[in-house]
Each structure stands twice: as structure tokens, then as C-alpha cells.
Amino acid sequence: MMKKEYCGIFGIFGHRDAARLTYLALYALQHRGEESAGIVSFDSRGVRAHKGMGLVGRVFDDKTLSKLRGHMAIGHVRYSTTGSSVLKNAQPFQINHRKGFVAVAHNGNLTNSVDLRNELERNGSILQTTTDSELVVHLLVKSDESYSDAILSSISRLEGAYSFVFMTNDGIFAVRDPRGFRPLCIGRLGDATIVTSETCALDIIQAEYVRDVEPGEILIIDKDGLRTLKQADGAKHSFCIFENIYFARPDSRIFTKSVYLTRKNLGRALAKEHPVDADIVLPIPDSGVYASLGYAEESGIPLEMGFIRNHYVGRTFIQPSQFVRDFRVRVKLNPIKDVLKGKRVVVVEDSIVRGTTSRGRVRALREAGASQIHMRISCPPLISPCYYGIDFSTKKELIASSHTVEDIGKFIGVDSLKYLSLDGMLNSMLLPREEFCTACFTGKYPTRIYKPPSKKSLEKINSNSR
Amino acid sequence: MMKKEYCGIFGIFGHRDAARLTYLALYALQHRGEESAGIVSFDSRGVRAHKGMGLVGRVFDDKTLSKLRGHMAIGHVRYSTTGSSVLKNAQPFQINHRKGFVAVAHNGNLTNSVDLRNELERNGSILQTTTDSELVVHLLVKSDESYSDAILSSISRLEGAYSFVFMTNDGIFAVRDPRGFRPLCIGRLGDATIVTSETCALDIIQAEYVRDVEPGEILIIDKDGLRTLKQADGAKHSFCIFENIYFARPDSRIFTKSVYLTRKNLGRALAKEHPVDADIVLPIPDSGVYASLGYAEESGIPLEMGFIRNHYVGRTFIQPSQFVRDFRVRVKLNPIKDVLKGKRVVVVEDSIVRGTTSRGRVRALREAGASQIHMRISCPPLISPCYYGIDFSTKKELIASSHTVEDIGKFIGVDSLKYLSLDGMLNSMLLPREEFCTACFTGKYPTRIYKPPSKKSLEKINSNSR
Amino acid sequence: MMKKEYCGIFGIFGHRDAARLTYLALYALQHRGEESAGIVSFDSRGVRAHKGMGLVGRVFDDKTLSKLRGHMAIGHVRYSTTGSSVLKNAQPFQINHRKGFVAVAHNGNLTNSVDLRNELERNGSILQTTTDSELVVHLLVKSDESYSDAILSSISRLEGAYSFVFMTNDGIFAVRDPRGFRPLCIGRLGDATIVTSETCALDIIQAEYVRDVEPGEILIIDKDGLRTLKQADGAKHSFCIFENIYFARPDSRIFTKSVYLTRKNLGRALAKEHPVDADIVLPIPDSGVYASLGYAEESGIPLEMGFIRNHYVGRTFIQPSQFVRDFRVRVKLNPIKDVLKGKRVVVVEDSIVRGTTSRGRVRALREAGASQIHMRISCPPLISPCYYGIDFSTKKELIASSHTVEDIGKFIGVDSLKYLSLDGMLNSMLLPREEFCTACFTGKYPTRIYKPPSKKSLEKINSNSR
Amino acid sequence: MMKKEYCGIFGIFGHRDAARLTYLALYALQHRGEESAGIVSFDSRGVRAHKGMGLVGRVFDDKTLSKLRGHMAIGHVRYSTTGSSVLKNAQPFQINHRKGFVAVAHNGNLTNSVDLRNELERNGSILQTTTDSELVVHLLVKSDESYSDAILSSISRLEGAYSFVFMTNDGIFAVRDPRGFRPLCIGRLGDATIVTSETCALDIIQAEYVRDVEPGEILIIDKDGLRTLKQADGAKHSFCIFENIYFARPDSRIFTKSVYLTRKNLGRALAKEHPVDADIVLPIPDSGVYASLGYAEESGIPLEMGFIRNHYVGRTFIQPSQFVRDFRVRVKLNPIKDVLKGKRVVVVEDSIVRGTTSRGRVRALREAGASQIHMRISCPPLISPCYYGIDFSTKKELIASSHTVEDIGKFIGVDSLKYLSLDGMLNSMLLPREEFCTACFTGKYPTRIYKPPSKKSLEKINSNSR
């Protein structure tokens, strides 16, 4: 599938250390995108930009940060999806034009991008990247209006999921689509105002959470403070439930609610729906820990950290030869025999995509001496791809799209496998159930979906490197 | 202080993939030394060695591993202590000589190294490094005997803490000092025999734990299997208790017993000794988690993972400018307001060295809304340096060496601070209390200690680089 | 001044190793641009591109070359001028568009680029670089015609100096401006056809020289061979005489004539115009060697290679500290005392820009014992900047624009200084004198010149980095 | 063959910028060794060393140089011979010992190193490298005397070719073997005294040449100036004639005489011995230029620089794929058709080793149109390996050791091939003919030669890397 803008965004206005704060915030948002990172800053002397491939801590150093002067800045982290790992797709995307400069950071996925691209090219525009961000900037430049007016008038051309942060000479603009697929919140640090994807980015710089950007809202932050320029009338909301289940950091609030507490709720609901007679609850570190706590509390079965995660995984790449691959499960997670021997174990996970990883872990648990293994998943089976910015594998790669729960359980090798029900999941949310998009679990998409061209065909011409 | 051989060692005999298995094992032992890593392998065509600065995954790649041919290999990881981060101190240390080659990997610290060095230089030896390993090899070479006989006769010259793995044409030799300060265990993988510092290095390659090398034992592994060459008569044991408290991996057995279960025991003892009326038990990830589980179980107070660790810390270096340093606590650990607000919290830690880190965390908890903070430490106050291979700061830097517990509590800013008692700690061990060295908690050293020269004076001449 | 497209270009059609041959050719053209290098290749499966900063040998390796598949390719090397050393200005510049892909490599400088840029931006185009290449591509895309027709119709919009190589699905197009400022020649290698800046790029791949692209000619190379699509009616020619004097490689033919023989001619003319009673003729390696040979032959004074060039200059950067700078002259060139002592020396150089380098060399010759030093320059004084693609320093930095020859001689410290006259130079050419542009020596520009904006203002917004 | 200490050495006493001057000097000596470079400096606060693989300009930067403080320093460059390119063989070799530090830089080759090594190892010494330098340092340390006395007494143990520069607390010692195989000269820069391999290293730092270190002389440079400690009685001299023919820089004096003038003499003698009726003399840049000048002067045939050397060869590695290899001759040297067409050419070279390179060049000249090609070599055929420090290929690889001149000429493809005679060469020298070693041309070695062990066997154990 095409462009997966699986990203984290941040903007700040009114702080002399705007770029350094953006840097820290991107570090907190790193889980939203490990492929590339970028910051654009602005002051009266001009615009500065630095972007690069890789983790935030590698892309920036003290020297580059000290050059990113200015009282406002926007930043972006982007996720790695096969084939698009090229520097020129890194964001923020910025241009210079006789109307002035504009920079943009985006999280989401436009569903009508093919139509927009065709229209622009017919009119003589040259698109250099495959990003939605570039499309939007072309729309702004084609207009005769100022950037500010052009944002108000052009956004209506966009369909799908989008959270944007724009920066121009006038200040920072934040835009969220009317259904609110992707999160976007507002914070304050002294006199500075911030917009960002998750509250963990506010916490790291000790900023205060103010409120969420409303679905359909267009706001500006400038020297006169924050003003709503436009508030779209109330479309039905489609908050991405997968942010709560898996994607967002557990210490964030997403769509105004605590992810940690939501995940404990999911674990409790799972214990009620699918109890089991067992000796210990075993979390898969780190993502399964929070639902495990809820499961353990609700069931009364003690929690044991019987899988130890190797701290160095991810810090250096273990060599991917076949020889090493055979040991991969134990390189990441080592089961403790003295804890597991002869025990009936409930393993709590947050999702199963292909099933192969779970299968390897189950085998390791058996070898460590577990007498029974019951797997519990804190959401329903994933059966449909996402067109709104989460990079699921294609349908083919989602094991639950073509196998029954029973078959999956056999494949993985557990004594029992149970998923939380759709109702169980929705009732665990701390917001009304109708606020959420559940397309990945149901296949019911809240908007029109176009058949997108393959990403590969778009990119094969634009492959610059170095 | 001088040489801190704070290390992990590994040796394997009888496997065609000896070096690759050593590589994986070093990856599991990485926590015992992040400064440098090395592997030496041997087959009939000769010896191959590769050593480098940095993490195991950076020092080795597929290409270097494929060159390390042979059916036996030894490996080493070494800890970074100020001033000695030079490649030539990386181990294994190996030489060629008309008697044949010898390579050695060492964990521990000789207390009579200054005397040995002076004696060797007076007799015309040239020492190129500041390591104990080089000293021992010079002793072996000075002797007229074969390496095998020289090991038996020279070991008696050494005082202090040492676990050695030697490799010569004849096979692999393992040596542990009579008091057994440092761990050393034996494993088996098919026909191959292994010696290594911790059982987690056996787990990663799916080898089976056989037994520990006995204190005072010298053994050889060769084509005829494993044989004890010498077993020193029973000196009193001095197992390093800090391996159990903090240093070893929780999924290892150390001195034959499970670290995980020991740490849970310490947490339970702590709850009994120092109960408190509180709402939640809060572990400091990851090292405080295991004692926390014990504290929560014993006290009945629910465990909450209210501190979220940023997964990317350690994967890239956050820039150490003053600006960023101010945010350092939150870069690593973010307290969740929705979990902590208004709560009385018990924080369980495994040790306090200077106290400054704890102080930052306590401040973060207060700002997140905790109403009371009670800190519990799963060992007694650290008051004395270690001369047996653990790199404690000098006495001056151990806050407990010059401050009362009450003063430390005030400095850190908690409502209460309690340490586990010496008896509480020793009774939580899964071995008899008299088996352990507790010098760092008591100042009572089980052996004679010499005043060592400063490391700096030794090294200033030997600074090669690049 | 603005954009200095001081470059070398190459295109080849009809060879299975098109990219590798382009790589070798760029290696031969390296003297025309050391800043960046790039190759774009094409076959039925698509377009591949690789560009990078630095020398050809660093930008490409076997792996990148093996990916640049296809039977046609174009390549580019670009010169380093302050402030523009950014990857995105590297060429070839290529885009994808619904009309198909187009890539372009350019040597020259458009004199009406500011007007073109303004017009494009007013119509909604976004320009990402400061290169003429991007401007031209926008013109092609704005047109409703096919690329082939658009090239024919758009070229008339361009003013100034340009030699272009375009590549589209249809084949390779070569374009040279009607005055022929920059060279462009045609070669053949088996069935393959080539266009490139200098014949040395043909020699390295053992291709045969066919003819020059005519000034004002637009030609296409495709599967049907080479065809002239358009031949502008005969404008007066303005071949860059500085290519012959200094810029081109001595082993090339430029504008159909041998550079080596031309430079020897210049040396002979110099000997006739400015004879001197001396013991030896001393070339400045390597650029002054060819005129020196002519001077020595004409005058009968023996040639001595009394300045030895250090072969390693350029291979590694000598550290630019003040300390080392003081020795800089001798780092590059060492005068041989045993050759120079007591000798009256004629030093032959090809040009003087600021005079500081010559001054250092003269001092070194004096210290080596030369009794008299007479400097002879094989062209007239440089007094005016070039707007057609040669990066002279601004007028201010050309010493001859504000000092008499006598003053320059005093500054440099020679016993006599003489320049070849304009007539002497033009009569030494192997083509009629009216074929050449001599603006840098006379200030008489053959075309209208606009006052260009500063490069800096254009670039400050577009600074991406990595 | 074993250790080829094909090197350049330098030492300076009494200058506050000792290390920076050493750096510049090594840059001038780079042609004597491209494999590794090192500097050791000393002041009252201690010794500093920096060594690395590769060219001088890569091994050192401003930061490393600024750390190499002190008023005395020694430096070394080392040549790359297959198999020994390891950092630990880089020099200067330095150690610390209770007697104090000693560092040494060496040029030459000991012929009794195997005996010395065996003796040392029998006495318990451990040798870490395969260098002669380490052997000598062990001899100094084994002695009970001070370093100064030990140098005087130990040197007599050495056989073969050696020029040493030692540095200890006491100052700098220079030692040259009694036959004076390798050059070593003395210079002065203000109050500082210098010893180095070639005078070009004096020129670059503008130091004055004083005299050569005498064969058999041991001298010390300290705060009291330069003093001869010992002068061996007059052995017959064996100056390496190949330094004059090929190895030394043309701007150096070697063994007190100008290399440039010697090479011109060789060219003149060649023209007298082997005249030919031809149109042009064609040098092979750069090494053949100086003999060519002599040949042209003597014969009256004009010199033409008809081969143009690509300046970028050596600055970056052209990719060594087979494809590119086919073009290798023209990548380095391009023959100019307009100069060569229809000409009878005399090609002057300084030596032929395997003949393959010459063969490629001759073919290129034919293709460029030369009607006759006569090759003249400015020394006799090379038939025997050197045991005194020049890295000739083994005898097998010297084409002249197994082929007649006629056969070689046919292989290369010339119309005639002539070598300068032994007498012609010796009579061209500016010193009496009996001063020189001519073993490589005659097979008559001036000293006893032992059959050396293969280098490979020595090194296979000591291969550390990274």
C-alpha cells in the first residue's frame, strides 16, 4: 500500500530554545517513527532546517541544534516502511516561494492523494516526494491568497486522516481532520504554546497539558497567543482505537484519556471474559505489562516477570545471519526456569500480527518448564488494513484475516488462546464507544476508500541516495 | 583506584561454531562490561582474534565472525572505568611464544599486582598494559614448564579475586580463586563444554547448566572432556553478595541460586522489616522491579508501573548539553500523573550510590502529584569500596559512608527512607550467610589489602590511540 | 555572484554498461567539478539515480554502480563554490511527472534565470534548488507538449551560456547555446553514442571522437542513432578562451583543437613577446608545464623541473592550522637548491588571480638561491568576472583589476613580470580569433548581463542537511 | 619474505612545536611509507603517542597534534607490505619500564632478527609485534645499564641494515649501521636539532642541512646539543643505490648528493650508451621525468609531456572491478594523440619490475598513433631481492631474473628496449662507485644473509584488529 504516514509531530511558538525543546519532544515521540527525524526553526533572520535518517539522537547533535535558532519550531519523526526510507521523504517538508516560506509536519494519511497529485501535475507542478505534506504545500502555493487564508480554503480539499502543524512567517498553524483520526493536543510552557501528537512530549519538557485540538479545528499560534480560526461542524468522530491498544506510549493521554489506565481496564475485562485456572500471570515486556497488571488484579493470580528482556536489544544490531536468527527469541527475551518450572502460565499480549513471534516465545516457555500456557490478547483479532495512517501489514499478512482463533492457537502452540471481544474492548475505553474507529477489527471504514497505486511505482523514479 | 576488572568471561571447547556461540554469549553478558569486547578462537591452522571498543554488537559483524574459525574460543566483555578506555586493555589478552600461544580472559582483581609487576620488570619483562591478564601471562612464560604445568604452579602467586579462562593448544583452562569471589559456571551444549560468568550466557545458546567451577578449582577442557587438575583445600568462601543484589542479570543463577528469586526474597524481607501504610508499590525500572514484586506480595499493596522508561535511552546518546541535562530525569523515566496523583507511594530501589539520581526521581514524583513518598532499599547502606572487582566509586562518593540514613532521606526528599538490615539481607540469600563477602556494607575485607598506585600514573606512558 | 555552474557533463546511449562508462568518464572530467557527482541511468524497468557530495571515487562504489542498470545514462560533476555545497544542488536533476521522467545535466550559466524563476513562482511552481537545471525542467513540465517538443520550444526562452544533456524515455538530448560558450562533443564506442564536455572523457573509455555539437544545435540520440532536431542560424560564436588557457585538461581537444598544442603555442608566443636572458625555464607543476615547454623550445633556454610537487597534496587534507599554513608553499612545491642556486630563472605560469600564491613561490625560489626571477604569464591580465560559467573570484579579488602589471610584479617580488598580450594570445589559438569570448580579459561581454541577486538570499531557506 | 621495514624516520629536539614539525616532516617523507604513521612526543609531564593506519594527513588532525606536547618528538611512516598491515606494527614503538620510557623509530632490516627473537623468548620475554624495533627495545630492557649505556652496548648485537632514532628521558639518540645502507641526515632549525631520512623533510620545515649521520655513528641530541657517543671504525660502505635511482624524492639529497642531478646524469649516460633516432623523448610521469630531461638534453631530441597523469588517481580509489581494471592504464595516464601521432618515441622509465604496467602503456601509445616506440631504462635489470629494507617483489616476480632483455622487450611490445649498464649507472653517481650496494642488480650481497622464516607464520597469532 501507499504512503504510511505513521508519525509524530510537534510545534512550539514563543520560546528562545524552541529547537532544543522540539528535540527533546521528538525524543519522547520516537516510538511514533524511527526512520527519520527533522526540525525546522524560524526567527527574523530566516529559516533553518535539519533532517536526517535514523533516530532523533543520531540525527541531531549539539552543533546542529545550536544552529536551529529562533522562537518557533516544528518537528517530525517518521516511521520506516519498506521502500520509502529516503531522506527526501523526511519531514518537516519546507519550501521557499515569493509568498514566503512554509514548512509542514504531518501525521495521518490522505485517502484522495492520487486525485490531488494528478490534478497538480496536469497543471504543471513537479512533485519531488511521495508525501501528503508536499501535496498540501502545492495546494497552498497554487492559491493566490496568503498562506493563512490558503490553509483555511485548501483544507476542505483533503479527505482522510490528517493532523498537520504548519509554520510560516505568521506563526504556527495546527489542523486536525473533522473525524479526529489522529491525536493532537495543546500544551503550555511559561509563555510558549505547543501542539503535539502525545502528552508524553509535553511531560519531557515539563509543559502543562491544556486541551486537545478539536476534530475539524484550525488554529493559529502567534505573538497574540492561540486562536481558533475555524471549527468544522460536528462530523462523527473516528478516534483511532489502536493508539490506545498499542501505538501510543503508556504514559501519554490520548484523546484526553490515560493510556495506562485504559490498558489496565482492557486487562481486567480480559480476565472477566476469559478467566483461567493458572499459577502466574506473565507479561510480555514491555508492551504487555499494563494489561497484565489489570489481568492479575482482576483474577487474583500473581504477576511474575518471568521473561527478562535483554537491555541491549535495539542498541546494537545483532548480526542477522541464519546462525544467529535461530537464537533470536532468546536474544530478546529469556524465560527464567526457576520461575516457570511446572507452572500454569497466563501470557498477556496486546496483539498478534503474523503469529510467528508468539510461536517462538511459547516454545521457549515450554522449554523453560511451563506446564500449561494460556494466551490472552487484549483486543479482538486484527483482520483489515488501516488507510488512516497505521502501518499494518497487508491483509495477507494478518493471520486473523484468514484463520480461526482455534487455528491460530494451534499454530502458536498454546493450551488456550482467547481474544478480548469488540464489546469488551469498547466498554474498557474511557470515552463513549461511538467515538472510535474500529476498522482494523471490523473492516467497516468510516470514510470512502480509493484503491491506491502501489508505493513502489511512485518511488522508482525518485530514488536519490547518499 | 587501580584496575577494575569488572568483566564477563566465556570459553567453549568442541563446537564448530565456537566463535559465533561466544558472540551470542557475550551479548548476554553485555551488562558485565560495555567498554570493550573480544573473542579469540583456535583451530589447527592457527589462532584468530578480534577485539574492539564498544558494545558486542558493534565490535563484531558477520565478516569478522566468519574469520574466527575453530572448535574452541574464549571471549570477554570489559567495563568502562575512567581513564582506561583504551583498546590495548581489551581482552582476551593473547601472545605468541616459542612455547606456543596462550590467550586469557579475566574477571576479578588481583590485590598483589603491584609487587608482581615490579618483580617482572626487574627481570627484564616489558609490560604493555595495566591488566592482571598480562601479568599472569608473563608468569606463565617465565616458567620453564609447559603452559599446563605453569598454570598449576603460578596460580599460587596470585592474591585477591580472580576467575580466569585460558586457551592454549592443549585446550581451555578455567581457574577460580579459593574464596570464589567471582562466579564461574560450567555448561554443556551437545558435545561442547562451556565455562562462563553467568547462566544467562548458557540460556542464550540453549546450553544446559552443569555445575559451578568450585572455588580453588583448576580445570581443563579438551578433547578428553572436562577434568579437574587441582582443587585447593577449603578456604572460607567469599562470594560477592553484590552480584545477587544488583550486578548479575535477574534471569541468571549466581553461585548456584536464582537471582530473581533472591531479589524477590529481599523485597519480602524489606516489607517485613519496614512496612508502610501506602496506596501503591512503585518499582524503578528495570532493576527495582524484582524486589518490588516481593514487597507488593508481602505487603498486599498493589504494584503499579507508574514510571515509564523511555526505550530509546541508551540506543542513542541524548546530547549532554546543560540545557538537556536539566530534563534528564524525565528523559529516562516519566511518572504518570493519572496513576500517581494523590497517592501514597512506596518506591523500591536496589541501592543508592550518590543519591542525586534518587533525588531527581523523587522530585518528579512530587510534581506528578504523589502525596507521600516512602523509599525502601533492598540492601544495607554502601559504605566501603570493593577491592575484588566491582567498580564502586571511591569511598568519598558513597553518600552512606559519610551521612546518616536520616540525612540521606532529607537530601533525597522522601517522607521516609529505610534500608534492609545486614541480617535481613543475609537471611534472604538462598545460601548460608557465611558464604558471602559483605565488605562493601561492613568494611571488613576477607583478605589483606595493599594500597594500590593510581591508575593514571601507570597509564600515562602507554597511551596509543587510533 | 550567483550560481556558478562550473561543471562537466556526459551522456551515453546504447551500451549495457552505460553507468560504469559514465563513472569512468566523470573520473576523467573530475577537474571540471570536485564538489558533487551524480549519475542517472534508465532501462525499461525504470530510472535509477545516485548522487553525492565529493569526488567521483568517493560518491560511487561497486555496489551503487551495479544498481545503476540500463542502456543509457547521464552524469555530472559540479564545482565547489562557497555556500552552495549542498546535496540537493547536485546534478543530474531528475523528476517524475505524468508525462514521464526527465533528467538533466548542465554546464554553463543562464543570464536570465531571475526573470524565469519569478515567472514560474507567480504561476504556482515550487523551486527546490538554485540551479538552472531545475528552471529548465519546470519550463518543460509547464508545456502541454511532449518532452521532445518542449525542449525544442523552451530552449529559446534561455539566455546565456548552456550545454545541456537531457534524458527521457525517448533517449538522450544534447543542447548547446547558439554562441557555444561551453564545449560539448560527440563520441562513439561501438554502437553507443556519447556526448560530453571534453574529449579526455572519450579517451578514458577508448571511445572515438566524432565531432563537436554545433553551437545552437539540438540533437537526439536514440535507438535510431543520432539526429539533429534543430540547428539555430549562425549567431556569432563566443567560445570560452579560458578553457584553452587553464580550465580544460591538456590532453583534451576543446572546440575541436588540442589544448596541449595550444598551450605550447602560448608559451612560444610568450617567449617571442617577452624574451629574457636566463639560465633555466622553470614550470609551475602541473598547469604551467605546457607553456613552459613552448617557452623553452622557442627561447633555447633549458627546462628544469626545479619545483617538486608533493604527490600527497590533495590526497589528504593537511591540517589548516595557522602553524601549518606558514609552511604551505613548501608543503605543495619544494624548490631544489642544487638546481636553483645562483641561477637566473624564468617562471612560466598560466594565470595570476590574487597573486598571493605566486608571491609565496617567489620567496621560496629566492631562499633556494635563485639569483634572478622573471615571471611570464601565458595570457593577459584577468580583469573582469565571468557570467558564463567560470567561477572567477569577484572583481575585487582579481589583482589585475585594480593594479598595474608593475605593481603586481613588485607585490609578487620578481625581477620582471610580463603577461602575454591579447593579440599574442588570440594569435596562438588554433581557431580564428573572432570565435572566442575574451570578456574576462577585456570586460566586453558578448551578451546582455543582468544584475543577479546574491546566492545567499536564495539559499537561506532551502538549507536541508544531513 | 620477512619484515620489510621500508620506512621514513624523523626526530627533533629543542622546539616547542616538536610534534607539529614532525607531522610536516612525515608529510614530506610520505613516499617512504603509506601504510601507517606515528608520532611520540615528550615533555616533563610525560610521553604522548599517536599512531594510526593510513596516510599522515588522515592519521593526525589538529586535535591529536595539539595533545602531542613537548620539546622533543620522533616520528615514523611505514610501507605497506602484504599481510602486515596491522596497527600494532605501526611505529614509533614505545614502552614504559621502571628504568623509564623508551621509544624508537626504525628504517632498515636486521638480518639476524630470528636468532635474536629466539634468544629473547627463551629467556621469558614476550614479543607482541614482528618488528625489529621491538627486538631492540627488549635488548635495551634486558640490560642492567641505563638506556644510554645499553644503546652503546647492544647495537653491536645487530646485523644488517638499520637507521634508528631513539627517544628517552635523556634526549634523542640516532644510530646508523656501519655500512650505512639507509640514509640518515642531520639538520638544524634555530636552536633545534633534527635527524631524518631525507633532506626533503628538512626543506618542508625550512631547516638547514648540516651533515649526514656517519655510518657506524651513535649520537645523542640533548640540551647540551649534539654529541657523537661512538664512531665505529671504518667498515666498507654499502649505500643503497636504489634510493638514488627510484626510492628517494628527487628534491632530496641522499648520501650527501642531489637525487635530481643524479637522475639527470643517469638519463645522459643512457642517451650516450643507447642512442636512438627518434622524434620525441616521452617521460613517464612523474618518476621518469628527471632521467628524461637528461636524455633529451644529451640527445637533442625534444621532450614532450605526451602522457597526461590524472591528478585524482590516488586521491580516491577507483573501484577495482574487472570492468574498470580493463581501463586502468588510461585512468592513470592518457596519451595525447595530437602529440604522438606518427612520431618515433623514446620512452624513459626508471625501472621495470614485472613488466605488465609498461606493456599496457606501450599498447596505449601504439593506439595513440606512435609509429615507433623505444624504451630506455635508467638502471640495469633488477634480478635479486633486497634484504636491507627495500620491498622488491620476490625473485620470481622480477621479470629480469628469468628473462633476457630481448624477451622482455617483446613482452612489452617495444621496437627496442635498452637498460643502462652497471658501469654506466655507477659512473653517473656523484660519489665513488665503491660506496654503493648493488645487490639487487648483481646478487652480490655485502653481508651474510640468513634464510628468513615466512612473515605469515610469525603473524598469524598476533592478529588483533579494530
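We just call them A, B, C and D in the order they show up, numbering each chain from 1.
One rule holds in what follows: contacts are C-beta pairs under 8 Å (C-beta built on N, C-alpha and C of every residue); 3 or more make two chains touch, one makes a residue touch a chain.
Computed from a prediction, not measured in an experiment: that's the story for all the values here.
Enquirer: Touching chain A and chain D alike: which chains?
Expert: B, C
Enquirer: Between chain C and chain D, which partner chains are common?
Expert: none
Enquirer: Specify the chain most distant from chain D by Cα centroid.
Expert: A
Enquirer: What is the distance in Å between the mean C-alpha positions of chain A and chain B?
Expert: Comparing mean C-alpha positions, chain B is 38 Å from chain A.
Enquirer: From the mean C-alpha coordinate of chain B to that of chain C, what's the distance rounded to whole Å?
Expert: Their C-alpha centroids are separated by 62 Å.
Enquirer: Counting in whole Å, what is the centre-to-centre distance of chain A and chain C, each centre being its mean C-alpha position?
Expert: For chain A versus chain C, the centre distance works out to 50 Å.
Enquirer: Among the residues of chain A, which are close enough to touch at least two other chains?
Expert: In chain A, no residue touches at least two other chains, as defined above.
Enquirer: Hey, how would you classify the chain contact layout here, line, ring, star, complete or other?
Expert: Its topology is that of a ring.
Enquirer: Which pairs of chains touch each other?
Expert: Chains touch in the following pairs: A-B, A-C, B-D, C-D.
Enquirer: Please output the residues of chain B touching chain D within their complex, sorted ascending.
Expert: These residues of chain B touch chain D: 45-53, 59, 64, 87, 94-98, 101, 118, 121-128, 137-138, 141-142, 458, 460-466.
Enquirer: State the interface residues of chain A toward chain B in the complex, per the touch definition above.
Expert: Going by the criterion above, the answer is residues 17, 20, 23-24, 27-28, 30-31, 55-58, 60-62, 65, 200, 203-206, 249-251, 253, 258, 260-261, 286, 289-290, 293, 297, 302-305, 308-312, 314-321, 323-324, 327, 330-331, 334-336, 338-339, 367.
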